[in-house]
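As structure tokens, here come the structures.
Same chain, two partners: chain A is paired with chain B first, then with chain C.
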Partner chain A sequence: MQHKMVAPMAGKVIQININVGDSVEEDDEGLVIEAMKMETPIFVPCNGVVGQIKVKAGDNVEEDDVLAVIETE
Partner chain B sequence: MRPYFEKMADFGTALKKGQIKRGEENAALLKQVETQVAAAAEGIKQLGLPEEKVNARGEMTLWQRLNYLVDADTWHPLHTLFNPLDNEEGTTNVVDGIGRISGKWAVIIGFDNKVMAGAWLAGQSENILRVTDLAKRLNVPLVWLVNCSGAKLSEQHKFYANRRGAGAPFYRHAQLNQMGIPVLAAIFGTNPAGGGYQAISPTVLFAHKECNIAVGGAGIVSGMAPKGGFDTASAQELIENTRQFKSHPPGSAQIHYNQTGFFRYLYEEEEGVLDGLKSYMRNMPAYDPEFFRVAAPCAPKFATDELYTLLPIDQKKVYAFDEILARLVDGSEHMAFRPDYGPEIYTGLCKMDGYLVACIGNRQGYLGKDYPEYAEYPGMGGKLYRQGMLKMNEFVILCARDRIPIIWLQDTSGIDVGDAAEKAELLAIGQSLIYSIESSDVPQMLVLLRKGSAAAHYLMGGPQGNSTNAFSIGTAATEVYVMHGETAAVAMYARRLVKEEDSCKPLEPIIEKMNQIVADYKEFSRPQYCAKLGYVDEIVDLGALRRYMTAFAGCAYQNPKSICPQHHMVLPRIIKG
Partner chain C sequence: MIEKLSTLIFTTGFVYLTPGMVFMWLIGLTLIFLAVAKGYEPLLLLPIGFGIVLANLPLAGLMEPETGLLWKFYEYGIHWEIIPPLIFLGLGALTDFGPMLARPSLIFLGAGAQGGVYIAFFAAHLLLGFSLQEAATIGIIGGADGPTTIFLASKLAPHMLGTCAVAAYSYMALVPIIMPPIIKLLTTATERKIVMPKARKVGRLEKIVFPLVGVLVMILLVPASAPLMSMFMVGNLFRECKVVERLNLAAQNELLNIVTIFLGLPVGATMNAQNFLRKDVIFIFILGLFAFIASTATGILVAKGMNLLSKTKINPLLGAAGVSAVPMAARVVHKMGQQADKKNYLLMYAMGPNVAGVIGTVTAAGIFLTLLK
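Moving on to the complex of A and B:
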């Protein structure tokens, strides 16, 4: 099963703390988006493995863009 | 109203594993700042003569007097680092705070007799005026430990005169008396001139047998007639006069107890003087706590220490305000006012030590789609928008009507700007909030959790509300400035950069100036600077915030000037719907 991590708002990806293949736990801080001078962490939604990362640091993203995909059994 | 208040809605959630792990570094950084602040405070305590030397003269130090006077575990120091004019002594030379004496809350202040025998120093009258304002706002007694050698004469030009200068506290004492707020004074040591008025201006005077108070001291008596200068003959005359007055300083305790009767009580021992204060305080007018309590006091469900995990010291990081508040208020319970309106602002009723208080705070982070409703850009917590400011106006007005003390928890970067914000009337709605606060006449305190910036700092219960804000406390994460340093540097130099480039001049000198602005803003906004200049009245450990909030509630409900019967309150009913 796939769980998408989406951008809650338009902004710039300034930090990616996960790699494809990493085992992650719910509430790990996966990425950080900067917008309106503030840093908003994007938390991992569930326990699983990082299946895809669709952005890189420095990318500008729009609201609801998929940032990463977490795979669970 | 028991069904409303005895058990309110639970809020807050337990920390998750990831949060705890992520918060470790943040906690360490916060505690590092707190350690620095504590070291600075300890330095103030150690100023002047060693305790043993003062004791060897048969006197207690101010700190020993406070320790003897104030009920155990009830001392809440204020203005510890306050030194706005940067005195070389490192202090304004008064020590103050709120505490309980014989079970009753009081504002307590005393001269530090270890430093220049408790002299007047620059910035001291401003400190005292803050303290008299505090007693006035909370309607609690002001208790003085007077031991004041008068003005530091070599610097009198910095504090003697002026509207808020060294004589202003005497007018404030008169004002407190006229308002029915007692000012009790324990008098020790030699108190000439200014010290004499410090001693005579309170309501009831408790004197130690060795003290004296006088219009002028020996030095003034012996040197009254100016002769245009000094020579050997006049110096010799001075020596003889001084010897005489040194052995008999004017205004002894005997004169002012037996002849003038200014001193209502005279005591052989210093402890006796303090016992006299304790005895008086026992009889001070105060409601029994049960008169106003709406529930039995209880601790928050979540540990207050978790604040170190939850409050990011990094100003750019967002956090959940409701989780902070849940670790500060009784039982982690509340009644949220209009939770679906103005999402950038929390407004709600909570309990502190069983008393009903109103809490207002800035929520952080992204505010969701279509907010603010008047603009196309996204809203971010910390900023104020139309709905949040209207909600605060409503809430303050209702708190005033129901006579509920207000605790503001501020972390704001400012009010939304731009033409959309202007059309949304934010300028006027902000000032309307100031109008609402000013007309509320309920005691308020400010916890400057993190950032106080732009006009939002003023209108969210800031200390600029002189007649409503009782006191303000900051944290290790506090920063106060008109705008962020980088924003200021851009505002100051952006056009200059364009000009320099168009003139083919090097940009480096301008860039250097811009970086200096950023560095200055950082230095002049950090916690210790805020406390030194008085932007906040004290920097408080996160673990002690609840203590100060509890003390505020206790003071506010000790002897309030007006009452709203609990069953006549409308705010809880509006919340219920």
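Moving on to the complex of A and C:
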């Protein structure tokens, strides 16, 4: 199963805390988006392994853009 | 010779200093300190603090009617109603009404969070004996909108302008400290966890039509709000029409920055020792804080009321975002939402009531002006 981690709001990716292949748990801090001059941590939606990361630090993202894909068993 | 020397001494300001003036310097320096060291609304509190020091220098005559430099800034900038509307032009260009248009029902929250304005108005007049005009100026502090406070004060109670402006900007800087306890008191953890349904996308046409329709409806409804409302909406039209990008950027950057300089200094300069060192001042600060707290509370209560009537539940935190300190109130709401549930991202939903709150405060000011001028 693949779970997409999507941007809850438009903004700029300023920090990525996960790497492809990492095993992650629900509510880990995956990355940080800056919007309205505020840093908002985006949390991992489920337990699993990071399959893909679709953005890099400095990217501007729109709402609902896929940030990363988490693979679960 | 000695006589000449002594005359020279009497041309300096030192001999005319009063303890009140020195006390006002301390207040000015405190604001500068808070701006520099703590980052409290530095864009305004820094020039206001400096203006306070300047206004309390004997013989300098900077606030002397007709001739003083800061008096001219005040007279032609604020008294002539030029600077606060120009600030609103810039704010209009900075404001995205998208989140509000996505869920128009959130406008009620922006209106609900003006409750503190009226509660503080009645409290100031009935309980503490302020005149109606003074009470309105104090109440509007609860709208958490600096330029509107200055605009209304210049019309209704110019002697309180500096104090009310400083109160409004200080409490705005303190939103992250003032609001959370009130919010916690009035909402349950379950309510704070409510996840908002996905907002619909707002198209370009809607965003262009909004300032046009908005300006007609709001000014027809409350004509006295016209100076602020008209500039706010034309600034927003610059932003959304996408064909006058130069005007849009000038309004939200250069022009806004320039008028901010000319706003802060004379606002500070209205605070001379005579005007400020009165026992009223302490009441103004207390009532201003009370207005802020009451606005937060009424916003939340309106949200809870809407939940009783409607099937789709809204997160009552959004009610607190109706306090129009943009975007601080929305940020506080967002943070508290994430504290309750890490995956609850309220920021964009909170911006809806937040910008609606600005319109609500301008409307409240217009109503006061109509009734009390």
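In this text, the second predicted complex is superposed on the first by the 73 of 73 C-alpha atoms of A that agree within 3 Å, B and C clash if a C-alpha of one lies under 4 Å from a C-alpha of the other, contacts with A are read in each partner's own complex, and residues count from 1 in each chain.
FYI, contacts are C-beta pairs under 8 Å (C-beta built on N, C-alpha and C of every residue); 3 or more make two chains touch, one makes a residue touch a chain.
Everything quoted here is computed from the prediction, not taken from an experiment.
Colleague: Is A:Glu71 contacted by the first partner chain B, the second partner chain C, both or neither?
Modeller: A:Glu71 contacts neither chain B nor chain C.
Colleague: Now for A:Glu25: first (chain B), second (chain C), both, or neither, which partner does it touch?
Modeller: After superposing on A, A:Glu25 lies in contact with chain B but is clear of chain C.
Colleague: Of chain B and chain C, which one contacts the greater number of residues in chain A?
Modeller: Partner with more touched residues of chain A: B.
Colleague: Is A:Pro45 touching anything from chain B or chain C once the two structures are fitted on A? First, second, both or neither.
Modeller: second
Colleague: Intersection of chain A residues contacting chain B with those contacting chain C?
Modeller: Comparing the two interfaces on chain A, one with chain B and one with chain C, the shared residues are 8-10, 27, 35-38, 40-41, 43, 63.
Colleague: For chain C, which residues are in contact with chain A within the complex?
Modeller: By the definition above, chain C touches chain A via 327, 330-331, 334, 338, 342-343, 345, 347-348, 351.
Colleague: Residues of chain A touching chain C in their complex?
Modeller: Within the complex, chain A contacts chain C at residues 8-10, 27, 35-38, 40-43, 45, 63.
Colleague: Show which residues of chain B lie in contact with chain A when the two form their complex.
Modeller: Residue positions touching the partner: 16-19, 22, 314, 316-318, 364-366, 369, 378, 380, 382-383, 413, 484.
Colleague: How about chain A: which of its residues touch chain B in the complex?
Modeller: Interface residues on chain A, with respect to chain B: 8-10, 25-29, 34-41, 43, 63.
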